[in-house]
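In this document, chain identifiers A, B, C and D correspond to the written order of the chains, with residue numbering beginning at 1 in each.
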């Protein structure tokens, strides 16, 4: 019965690992999206200044 | 006989997304002394490396001595090319003689002993043949570097910023050697950022800006040319 | 062939002209063996079992320091392009440097072995078999080490990167087979008893030399 | 672009469904192992993780060759993404392996076990691969050198496998025969989990490559805006 600890431990490791990696990718993607928005704003501002 | 020594057609090179050279077209015939000016970062060094087969272009076609350059097929062509840069390509732990001997062996030069002796005499370093060049001054090293570049009697000689680190006297010697060798039928291609140097020895001049040859001329007054160069540099900054 | 010889001679000349460098390598070997000696002086151990790993780990770490400057020197002195401009193939640069690496590492190893026998009193094994193992092991070591040195010389912190890149490949191929064979030799076996290991080491030698020959172009070129 | 995102989400969906199926198979459908007990159920995802890491390192190897042949940075990007995913799953495989080992053999690690050993060697090689990339000086040399190193590293793995077999004959031990009593239902569960992880891999690879591409473009725009 004590063996089952290893079973739980192993599955925790695997799913935590997979979950964390997927999460890391999603966070990176979200950060990049924010940066694109920011850049868009900056570029738009520059364009407006030029037009004025 | 075809007098075309170097023909570049639409040569482009980029590092990642950064385009260093854009559609360079160049034609150099036998006996030319071509000088190319350009600011730092204009792509001069990359261009001279491609023309001397050190690097390969992403696209376009380069032929040297009538042969199209491809990877792994350049050994014979390299034997016809001399290259001198601001780096000496010499080993500090070896003597002047050993350095030249090493390169003479790499280029499989016949009667190398005689040739090396003559060259050392010509550049005035014969009396220091057995000294380690780690102790040489910058000017002496540069002279030896020139001897190294001319060792195998190349027909086409590239000079990358050859005047850097030379005093006025050494610059005159270099110009003399260029003219002399040119009379014997050697072709020169050199690059520099300094408009005050090299213009008088060149038969053709060009300006490289942002990876493109934007201006080319033959025998123009230096005032007109340097005005043009300054304009281009100014435009680059904006 | 001529180019390989020329580069080999040049490397050897530079390596031995700078006497301090060779002295430092020799000193390092003494230090490594001495540190093993001290480390094992306070515990009970079976010399027969640890002799072979000690020898090869010493070879590995002292040899690595002599591999590190092979290409780095060319880059620092700015002579790399001088070689690349010459009408020779890149593989002759590789083989010339491989031969000089091989010779220098072999000398270091023979010296380390001598120091080992001084520090650890162990019955002398079949020396011919031992030397043959060392020679064929060193061929692979120099062949792979040379190519990894070419890679690491282009990296920042190249001295650290060389062992980081070399250990996972070299240790689990050549070194492990050599350790297995050498410990059998120390237990009294002869060369024909360890033919299986010898065959493996020779196979690695061939593979590593082939890798160097095929891939050096991509490391030295653009 | 729109179409590509749809494919990516589709693959992710398939991966999730297959993973749920294989969890069901692993815990409920398959019988308890006769000698190892329930703990044997680690096996399905442990093996799948190991498989995924071999696949990922294999992709790094192949795309490394493609890169050297074509000098197209696209291949380098895939090689790097695949190596990173490989490291993640290799880490999972070498942490779950000992957990299973502890239950079955009574010891966390057996140096004599070839599969553990080789997986560890692979892990070390590709950790070194990532370190190489982190220390490269330019984009071009990063791509060139890491491709060469990835190729050397991957070629040496089967050789290392072979070399260590003789080393193990030298230290003979009882080889655990886990596959010896593998039932067909267990085989199927394993097969499904391997397929599930393969889909997961494809999804992760596409995401990672997309992120790296986007990051590059943003860097470039930033430089333009800044300068």
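Throughout what follows, contacts are C-beta pairs under 8 Å (C-beta built on N, C-alpha and C of every residue); 3 or more make two chains touch, one makes a residue touch a chain.
Because the structure is a prediction, the values reported are computed rather than measured.
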Legend entry - Far-end chain from chain C, centres as C-alpha averages: A
Inset, instruction - Any chance you could check whether B-D or C-D wins on number of contacting C-beta pairs? - result: C-D
Inset, instruction - Average the C-alpha coordinates of each chain, average all protein C-alpha coordinates together, and give the chain whose average is closest to the overall one. - result: C
Inset, instruction - Please work out the Cα centroid separation of chain A and chain B, and write it as a whole number of Å. - result: 51
Inset, instruction - For chain B and chain D, let me know how many angstrom lie between their CA-based centres, rounded off. - result: 50
Inset, instruction - Using mean C-alpha positions as chain centres, tell me how far chain C is from chain D in Å, no decimals. - result: 31
Legend entry - Gap in Å, rounded to a whole number, between the CA centres of chain C and chain B: 39
Legend entry - For chain D, residues that touch 2 or more chains besides their own: 140
Inset, instruction - Determine the shape of the graph in which chains are vertices and touching pairs are edges (line, ring, star, complete, other). - result: other
Inset, instruction - So, with touch as defined above, which chain pairs make the list? - result: A-D, B-C, B-D, C-D
Legend entry - In the complex, chain A residues that touch chain D: 3-4, 6-7, 9-11, 13-14, 17-18, 21-22, 25, 28-29, 32, 35-36, 39, 42-43, 46
Legend entry - Touching residues on chain D, where the partner in the complex is chain A: 37-39, 41-42, 45-46, 49, 85, 88-89, 91-92, 95-96, 99-100, 102-103, 200, 204, 207-208, 210-211, 214-215, 218, 221-222, 225
Legend entry - Of chain D, residues touching chain B in the complex: 71, 73, 138-140, 216, 220
Inset, instruction - Sort out for me which residues of chain D touch chain C in the complex. - result: 68, 121, 124-125, 127-128, 131-132, 135-137, 140-141, 144-145, 147-149, 151-153, 155-156, 159-160, 162-164, 166-167, 170
Inset, instruction - Can you check the complex and tell me which residues of chain C touch chain D? - result: 144, 147-148, 151, 154-157, 161, 164-165, 167-169, 172-173, 176-177, 180, 184, 196-197, 200, 203-204, 207, 211, 215, 218-219, 222
